[in-house]
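Shared between the two complexes below is subunit A, which pairs with subunit B and subunit C, respectively.
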Partner chain A sequence: MTLTLLSLTAHQLLGRRRAILIALLALIPVGVALLIRFAGDLGSEPQYGTAADTIGGFVFLLLLPIGALVFGTSALGSEVEDGTVVYLLAHPIARWRVVVVKAVVASGATMLLTAPASLLTAVIILGGFDEESLWWAATVATLVGSIVYSTLFVGLSTVTSRALIIGLIYVFVWEAFITNLFSGTRWVSVREYVEGTADALTTAAPVTAKLEGQEAAIASVVVVAASLVVGTWFLTRFEIGERA
Partner chain B sequence: MVSEAAKVEVQNVSRWYGDVVAVNDISFTLEPGITGLLGPNGAGKSTMLHMISGFLRPSVGVISVLGATSWRNPEMFRSVGLVPERESVYPFLGARAFAEASARLHGLPDPEDAAGRAIARVELEDAQDRPMGGYSKGMRQRAKIAAALVHDPEVLVLDEPFNGTDPRQRLQLMEMLRRMASEGCTVLFSSHILEEVERLAENVLVIVNGRLAASGDFRQIRRLMTDRPHTFELRTSDNRALAAALVGLPHVSAVELTDSRLDVRTTDFGAFTAAIAGAVRDSGVTLQQLRPADESLESVFSYLVGS
Partner chain C sequence: MAQAEPTPGAGAAGTIYDLGYQGYDGPRRGRRYALWSLYVLSVRNAFGIGRGALPKVMAFVLLLFAHSLAIIQLILGAVLPVDEFEFVSPEDYYGLIQFILVLFVAAIASDIVGNDRRTNTLALYFSRPIERDDYALAKIAALCSGLLALTVLPQLLMFAGNALGASDGLDWVRDNADELPRIIASGVLLCLAFGSLGVLIASYAERRAFAMISVIAIFLVSFTVVGVVVSEIDNDQMRWAIFLSPLHVVDGSTHYIFDALPAVDELSRRGEPADQVAWADFPGYVWPFALLATSVVASALVVRRYRGSV
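Up next is the complex of A and B:
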């Protein structure tokens, strides 16, 4: 049952143009890293600051939230939109299982396309050196971010048909601007959890975060759990209406 | 009092969207057999089916399917099949894989075998492995039906199941549904095509403006509509002589002679059918044909919708 759910969701998510678009987007940080590596003057020392800025700017700020937003809101939202969700829900399947599977597949798809980009960007800019564990930190932080963002957006897609727009506002208004203005809002920014995770795992000085690693881990777990609970609550009360 | 055989029970159910009342205080029960849900567009048919299948919460009232409430009860689908109206299917799957996925989601012990039987029932073997994205509308309908009956449901709910099917496919699907009903399945389907309902349904539920305008056998419904005169068509050896005899009967409201036929309107179905034999004998004519002219579902429906 779970395998069938996984397979249907994965086929729907990865068999479409959106996966190709996100894959192309994932090439941007890698391309930028190659430009910096081969066209810039990096000197002989590993440039941790340059690597941190590139990963922070292109992966954490752009690729990761956009990839998770696209996969997270599509995993269930596109089935609700086109009506095929009824075929899943007209079966004796616990709704929590549907939400968890959707979150797992969306997280997996986001990881698949963002974590290699994060790792490659770090490896290319640092030229193979990494005494400060930045590769590891960037990759793990991207994996954590994939799970938290994707699960959050799967949950959001059970609440509203405008999950994509609300997600864009969250990423590019709330996280990009509001969180920088008011320090208290760091607790409700997944990007801060990602940066907090990265900061905790590397000794590279240029990597800084507003949250401690432990705080970021706790906040990540809380957001994932809350998203699953909210998603299950709304899917249990799913009604065919204008959306399906 | 609800019969023990009732598989679906709808009790004083209403559903509204804001100020708009989609379904208004409807009650009925369904037993094994085929029931057609009929009504004009926007009458509330789909709303009713969605509530029965647990995809809409009644604003008021209770719906139980196989003894359990349908709302927030996914376990109900162990014995219930649903064919939704929307055409969308998984475009990357073939009908066989779609039915097999449905069987797996039901947790059936042998999903391949169950899917094979379901595909055979809807006669879609030839196209079963082609992706459904390339199917015609009728083929998609059959694939959806196969997926819905893969677990041999006790109750099958179909929303406009014959949409897009050609006449041969329609006949085949009707025969399949009749067979399921004869095996004890409770089939409820909606249609806006009177002919389909008339040909298939033993019972009809007529919904007009969100209200249940009538339920039961449509011929019996027609006979109970005593405020509407019944029309009979008669052919005899001497239509004029019989017309003269009938026009004096108290329950005959109109007699019309045409070239070859005599049309008689009566206000009392039972009294007229009891009196016609005597009238024929007394007038010395030979009765060649006597048939009710407005007992079709179309007549019943137009009376109900127009009233």
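Up next is the complex of A and C:
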């Protein structure tokens, strides 16, 4: 039963046009990296600053949150929207299992489309697997970010049907604007966890973060667990309302 | 007037059943009034007036964030004993709140265009005296004027606050009077460009969620790509790339209008967007004209979009 739900959700998420759009978005940093490699002024030394700017500015800031928003809010959200959630909830599957499966698939879809972009961008700009292991840090941080963001947005989509706009406000107002103004809010910003993870895994100087690696790891686990609990809580009390 | 009894044979052809339909012989206000109504309705919808709680909260949260820097400036200016204190300068304001502006454009554009499509009211509109062109232009105008509240309004607030905070307010206003037309010109240009681009992108998306993501992706992706490419690739042709990023062009236009394009040095290419714009070294008037041209072209495309089958 769980397996069926897994594969159904995977089809739902990856079989539509939005997956193609996210894939196109993921190709852009790789394209930029190629452009920099062949037309830019990279020396023979690996340019850590350039790689960190490109990956930080593009993958961590845009691709990762947008991908996770699209997949995370539609894993459950599109079932609510289409009305198929009725059939899902009528099955004898524990609600926590539903939430976990949806979160796992959403995370997997986000990873599938964003982690290769990180890895390729790093490898292309640095001209191979660098010694400071920036490629490794970027990839792992993207994987961690995919899980945290996607699970967070799956949880959010059980609370409200407007999860997308609220998620957008969170990413582009809270994380991008408020966190820059008040550094005390770094604890409630998934982007800081991602950057903290990346910083902990590489010795390259241009990668900086406001959180330590351990702090980021703990915060990530807390957010994932809280999202799953909240998601289960709200899905258990889910009421199928009038169709809007 | 009492309701008239349905009289058999009174209508033109109410022969079998007379359902009592009444003719309308009140004043007919015509196309222009309908256009005005649609515009007012769209502006109200943009701020969630006459709608549910969430659109209201969303619009006013964004409005508040757009004003936050101006408010901080006012508070600091009032508390600190320095006379001419500047926390944000007016030419940098839009650059600092650009994410909020993009988010507002995305949310409102997808709302005012997408809702009519989703609820199938578009066909109803087009069966009224409103022409298709009117509809497109009313929507653009509504988004543009909604945006004014997030751009010109905080700037004016800051201007007023600075004047009140200065030791001799009247003197300060006299010295800085040239800022007022600059604030308005730069703000209006920004609103026209962002508004028309936003409606254009949103009008092509099938679903609301798509529209919102597309607007955000197009504005921010172009901004990031142009920023990285210009700073990393040492090639003179790259300066043309700046025209591909609306946020860069807006920065250029605002800085030109405030006569504050930064000086160019060897670090400009890797600096802030305004530095990159200065590095491109086009004559300054190019940027406001680029914005104006963007608005005209985007509006024309929206009009064309609605003339076809939608």
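The working rule: the second predicted complex is superposed on the first by the 240 of 244 C-alpha atoms of A that agree within 3 Å, B and C clash if a C-alpha of one lies under 4 Å from a C-alpha of the other, contacts with A are read in each partner's own complex, and residues count from 1 in each chain.
By our rule, a residue touches a chain if its C-beta (ideal position, glycine included) is under 8 Å from a C-beta of that chain, and two chains touch if they have at least 3 such contacts.
What you see is a predicted model, and the numbers here were worked out from it, not measured in a lab.
Aligning the two structures on subunit A places subunit B and subunit C next to each other without any clash.
Once the two complexes are overlaid on the shared chain, A:205 sits clear of subunit B and of subunit C alike. When the shared chain is aligned, no partner comes close enough to touch A:221: not subunit B, not subunit C. In the superposed pair of complexes, A:229 makes contact with neither subunit B nor subunit C.
After overlaying the two complexes on the shared chain, residue contacts for A:62 are found with subunit C alone; subunit B is out of touch. Contacts of A:53 after superposition on the shared chain: subunit C is touched, whereas subunit B is not.
Following the chain A superposition, subunit B and subunit C show a smallest Cα-Cα distance of 14 angstrom. Across the complex, subunit B meets subunit A through its residues 17, 50, 53, 55-57, 72, 74-78, 80-82, 84, 86, 88-90, 92-93, 101-102, 104-107, 147-148. By the touch criterion given at the top, residues 1, 3-5, 7-8, 11-12, 15, 82-84, 86-95, 236-241, 244 of subunit A touch subunit B in their complex.
On subunit A, the positions that touch subunit C within their shared complex are 18, 21, 25, 28, 32, 35-36, 39-41, 50, 53-54, 57-58, 61-62, 66, 69-70, 73-74, 162, 164-165, 168-169, 172-173, 176-177. Interface of subunit C with subunit A (complex): residues 54, 58, 61-62, 65, 97, 99-100, 102-103, 106-107, 209-210, 212-213, 216-217, 220-221, 224-225, 227-229, 231-235.
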